[in-house]
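Please find the structures below.
Below, subunit A partners subunit B and then partners subunit C, in two separate complexes.
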Partner chain A sequence: MEKEKSFWRIAFERGLVAGVILLLISLIGMLEAFKGREIIGGLFTMSQVLIVGTLYLTGAASGKLAQNNLRQSALGAMLTGAVGGFTTGLLPIIGTLVNLRSVLLNASPELYKILSFGTGPYLGLVVLTIVGALSGLAAVLLNLVKGWPRQAINNSLVAIIMLGLLADLFRVTIEQWGNLSVLLSWMLAIKGLSYAGVAAILAVTFGLSYLKGRKPAQAGSVSIFQQKGPKKYAAWLAAGIGLLLVPPILGVYFSEVLDNVGIYILMGLGMNILLGYTGMFNLGFVAYYALGAYTVGVLTSPETSANPIPWIAAMPVALLVAIIAGVVLSIPVLRMRGDYLGIVTLGFGEIIRILAGSDLLKPWIGGANGITQIARPGIALWLTKAVPGFQIQQTVYYVILFFVIVGIFLSIRLRDSRQGRAWMAIREDEDVAQAMGIDLVNVKLLAVIVSSALGGLAGALFAGRLSSTYPQSYTLMVSLNALCLIIVGGMGSIPGVVAGSLALVGLPDLLREFGEFRMLVYGALLVVMMLVKPEGLLPAEAAKREFHTEENAPAAAD
Partner chain B sequence: MAMLELENVHTYYGNIHALKGISMKVEKGEIVTLIGANGAGKTTTLRTITGILRPREGKVTLNGEDLSQFKAHEIVYKGVSMVPEGRGIFGRLTVSENLDMGAYSRKDKNFAPDLERIFNLFPRLKERRSQVAGTLSGGEQQMLAMARALMARPQLILMDEPSMGLAPVLVEAIFDTIVQINKEGTTVLLVEQNALMALSIASRGYVLQTGTIVLHDTAENLKKNEMVQKAYLGME
Partner chain C sequence: MLKNWLKRISATDILMWGIGLIIILGVVWGSVATLSSGKYDSAAWQNLIVTGLTLGSIYALIAIGYTVVYGILRMINFAHSEIFSGGPLVAYYLARALNDNGFLAKQPIVGLVLVALFSMFISMSIAFLAERIAYRPLRKAPRLIPLITAIGVSFFLLYTYKGLFGSGIKDYPQLDILKGRTPFLGMDIQIVYIVILISAFVLLAILYSIVQFTKLGKAMRAVSEDKDTAALMGIDVDQIISATFMIGGALAGAGGFLYALMFHQVAFAMGFFPALKAFTSAVVGGIGNVVGAMIGAMFLGIIEAMGPNIFLDGLGVPAPNQLKDAIAFVLLVFILIFRPTGILGERLATKKA
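Right after this comes the complex of A and B.
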């Protein structure tokens, strides 16, 4: 009896938590910002997905507490959902009785309409409570489904939400195919996905999951890219062709977003060598990025140089400047560890940004006005002229893609080298690494050189892509983004850098509404990651071991 | 000429005078032990020999060569390996990767005979080759730390409290291995709190008390010494 009581209590409290989360995202304006994003045209908006999703997930969390008792589990989840819905539903009622708007700017009638699903405030309370209870129940019932159907449901939900969110872009993209656009246009409603589109997504995900689920699970499933033989080459070839076809097929906007992602991948690779491999915490990474961009700017813009040189000639100089700055700034701080290193490098990053905007250096680097008319990579300009209809964002993509591949190749080779092993030994234990004969100074300096070169390269590409550079672009946020993306992707993992960049740089660019709430989403995402998947989205081998030791360790008794 | 010689070594941590003029010798082929209580300066002595700490006065020589001109990592290349206190294995790397790190200072890449030798000494490590070192038991980790030190093919191996935190039966196995390693030609300087075990395998011993060597004799004589018996062997 005692145990059961505590279960209901927990379920109740989780409901309150769900309510607080929903009230928070309502009052900061997030729900309202997403009301225009229809996932399924005329049926479901992103705001509603957020409401139902929150109630569903907290309901599922409660339901899991009583897994072996279906009735209790279902009732608990319903209680959580209903309490969450009820708490949230109180807001429109309070809002109509008292004027909240003088304090809470986002407490608008529009918000109340969303929260009550279009009904009035009092009926809305009932509706929300019922929706909450049903969401909880659905969560528990879905949890009963196992195997491939379960996988299919999860995948199709994710696919529908993602495609629905991106429906506007999807439309713009297929419109530029001309007559070919009829191939896919039936999937879209006026806003969001059409019913036919949803049906198609369901058919595809269920079909794929069924085919996959029928095959017996192989022990330690290996991705096709890691398999041996012709299959592997075919897979890489297909991936390569796919990447090359992105700009013509997906169009200008996607290319621009991917350009940004590529620049952050390069920075993430640099940060990964410092923090992921060597364990050196650097919050001033933006300094290398800024130096790379400004070097290219100063050398190639007619505003700052009497004899402007092409981008490709300035780029190596940019790398050199970034490397020199990296080494010079590192020498005094190489002996520091952990947080101390982070704080000192944070200062360096800020110094560079302030210098870039200062009046002192204005005659040479433009001060607050920045530098414009920076040369773009020549090959991109040539491609833009050579291929009709190609925009600069699409051609720069190829330049960035090339350097990203070079960066990834370099990272892999270094990771598997003697140097790479020395980095990891330092990360594990500096003193012991030294006792193995590792020269701490040289090995750390090499890490700094490679990572600052990658940072400088990212900056050079950034300046060359936009053809301008301003001091405001080089805030602490750049360093933090690079840091967050390797945490989310998986510390010390190269695929993780790519996944992290796509998730943290690509997605917010695609979803304009996120822009305002970027930091909030980052924070929440980091907390959730630490709780659910602390090793990252695509973790490195060593991190997998660290976080899942109990699974691969034979009993360690002695 | 002694293999390792410390002459009047003074080492400081900032203003704290940790070693107050230590002199000791280790001859080629010996097992020499340095015993003492917590805080006596045993680990400081080893850190001074390996170059992590610098003596402010006095000098450390290896085969007559002054070690103070070398940095800590360079001393490894001179043939001095360390089994650190608390084992200091790389917990997230596998057993094999740890052994590879041990051979970091080697120019040649022919590790097969070394691995064979090590797996003969420690058959347990062979079974656990691909296991993550952090998941090994305490005894296995100690074995790994010793094996890793051997991978560098040292002429002198420094061991910092190999018995720490191990069950008595394992301590005996570890000490048997130390004797075996010594027989195969490696000189050993063994730092221990477990004086009884250390003196039973060493040829000579030094007793360290608050940064000073208070006694130096053969292991046999030290075992009979009244002061040692009282303070370190728990006899009345």
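Right after this comes the complex of A and C.
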């Protein structure tokens, strides 16, 4: 009896949580921003996906509490959904009675319309409550489906939402294929996906899941890239060719986004060496990035240099400057504890930005006006001329791809070297590492050198890609972005860096509406990741063990 | 003796001392140049010092939050900047409402106190919720994890404010009784500054007596000394930590309100620099030490108010006030190099936790 009571209470509280989350995303303007994104043309929009999705997920969480008892589980999930829907539904009513808009900017009639599914505030309350209860019920019922159909439903939902969100870009991309666009254009409605497209996605995901589910589980989860024999080489070759073909197939916009992703992968790799391997916290990573960009700018732009040199000659100088700055700035703080290091490096990053924008250095680096006419990488310019129809964004992609591969190779080799093991020993316990004969200062300095070089390289590529550089580009956000992507990907994990960059830099670039809420979502992601999965989504082997053992716990206490 | 000393010293020490020496030389050179030029008369000096003290007293209110939390959890509460800005940002709407219906003009003192209390309450609630939701589950996690969480909380709050209230700058209503100047202790000072200084000092005195003379303060000190033993003595550690966050939050909210009085405006991103400087003050004074944080904050306030005009101007730097924000960071680095313990602190910066 006692237990049952507490279950209903938990379900009720979860409903309130769902309501608060929904109210928050409504009031910060997220729902309204996504109202124009139709997932399936004419049927529903991303805003509705957000509402139903939140209620569905919290309902599912409540339902899981009483897994053995189907009736109880379904009722609990419905209660959670209904409470969430009801709480949210109160907003339009309050909003029509009181003028909320003078305080909360986004509490607009348009928002109330979205929240009540176009039915008006009072009926909307009922509708939302019912929608909530049904979402909870659906969550529990779907949970009953097991095996490959379950997998297929999940995959198709994700695929439909992703493709629907990106439908506009999808259209632009296939339009540039010329006559070939007929092949895929039937999948799109005027806005969002067409019914035929949805049917096709469903067919593909169900087909694939069926085939996969029928085969007996073999060889565990070893991916094809790690298997032995010719299969592995074939897979790598295919991946390589795929990467090379991206710019001509996907077009200018995707290439530009991927350029950005590549630059952040380089920064993430640098940050990963500091935080992931050595355990040094650096919030001033943007300093190296800025120095790399400004060095290239100063040396190659005719505005700042009497005899400008090409990009490829300026790039090594940029690396050198970033390394020197990294070493000089790090020496005073190498003996600090992790969190102090974070604040001090944050200070360095800000000093660099303030100096870059100040009048003090204006004669040399342009002050608030920045530097323009920076040289682009020569090979990219040559390719742009050599291949008709290629834009600079598409050719710079190859340059960035080259350096990303070099950076990944370097990271892997360093990780597996004696140095790498010394780094990880320091991360685990500085005192023990020192007792084992590791020279803390030298080994940490090497980590700083490598990571600042990677940061400087990212900056050099950034300046060369845009051909201009302004002090406003080097805010704390850049460091935070790099931090966030390795946390989400997994500290110390190289695939994690790549996946993190794709997800956290690539996706927001593709979704214009999302840009505004990017930092908010990053903040929430950092908290949620730390609470739920501190080792990241693609964790390195060691981190999996490290974050879930008790032995490391007392470190925080003292 | 000298030989031993030479043996212990390393290349990094020499470099550090070199950097320090360059900074000192620069400061001395610049100050001498300005002072000998006789650019400022005594009234101008007074103004700079009073401005510095006023700023410093606001930094002190914020710095308390950093230092008490650090003292207990050994954690830098990165989100404190948003705890600081949340109070005045929300209280702005109360101030505006009171101003619009004329209450603030009729009863200015009651009105101001109401707005200040509201600001403190909001900041306190944000601090309480942040601790409850984000930090408490991570009490036993490796030390980097709470720090990253705090950064996440900070950005989540920052952009929530932006989403809820917009990114525009909001002008706090200005009251007639706070305008103008008045003689005070033989000096001619702006009334707002006097109000800010006095209220900050009263709040700091209240805080000091709470920490030193009440049962709660005793429990706080016990928990910061040793959590496990404190728990054995019958202290509810979680409750004390919550109380610590709330006290820090309330003071930050008061600081935020005074900051809004001083600059007449609030914005969603206003917390970043004041909070970083407050953190610097806490480190300068010796983090974990309440009195140290107050002294450090006054010191930083004065340096920041006078610095650009004295030594940067003397060095011939154009537009020295652009570099005002960088001074705090330079001071932070300087302190961490030469006296990581701060003015009054014990040695915590290196490897206690």
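Convention: the second predicted complex is superposed on the first by the 541 of 558 C-alpha atoms of A that agree within 3 Å, B and C clash if a C-alpha of one lies under 4 Å from a C-alpha of the other, contacts with A are read in each partner's own complex, and residues count from 1 in each chain.
Note that in this section contacts are C-beta pairs under 8 Å (C-beta built on N, C-alpha and C of every residue); 3 or more make two chains touch, one makes a residue touch a chain.
Bear in mind the structure is a predicted one, so any value in this text is a computation, not a measurement.
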| item | value |
| --- | --- |
| Touched partner set for A:421, first subunit B, second subunit C, both or neither | first |
| Subunit B versus subunit C as contact partner of A:145, first or second or both or neither | neither |
| First (subunit B), second (subunit C), both or neither touched by A:20 | neither |
| First, second, both or neither for A:519, with subunit B first and subunit C second | second |
| Which superposed partner A:203 touches (first subunit B, second subunit C, both, neither) | neither |
| Which superposed partner A:432 touches (first subunit B, second subunit C, both, neither) | first |
| Intersection of the subunit A residues that touch subunit B with those that touch subunit C | 431, 546, 552-554, 556-558 |
| Touch list for subunit A against partner subunit C, complex | 24, 27-30, 102-106, 275, 279, 281, 283, 328, 331-340, 342-344, 346-348, 350-351, 354-355, 357-360, 362, 430-431, 441, 480, 483, 487, 516-517, 519-520, 522-527, 529-531, 534, 546-547, 552-558 |
| Subunit A-facing residues of subunit C, complex | 10, 12, 15-16, 19, 74-76, 93, 134, 137-149, 151-160, 162-166, 227, 276, 279, 283, 317-319, 322-323, 325-326, 328-330, 332-333, 336-337, 340, 349-353 |
| Subunit B-touching residues of subunit A, taken from the complex the two chains share | 418, 421-422, 424-425, 428-429, 431-440, 542-543, 545-546, 549, 552-554, 556-558 |
| Residues of subunit B touching subunit A in the complex | 50, 52, 71-74, 76-77, 81-82, 84, 88-93, 97, 100-102, 104-105, 131-132, 134-140, 148, 152, 166-167, 170 |
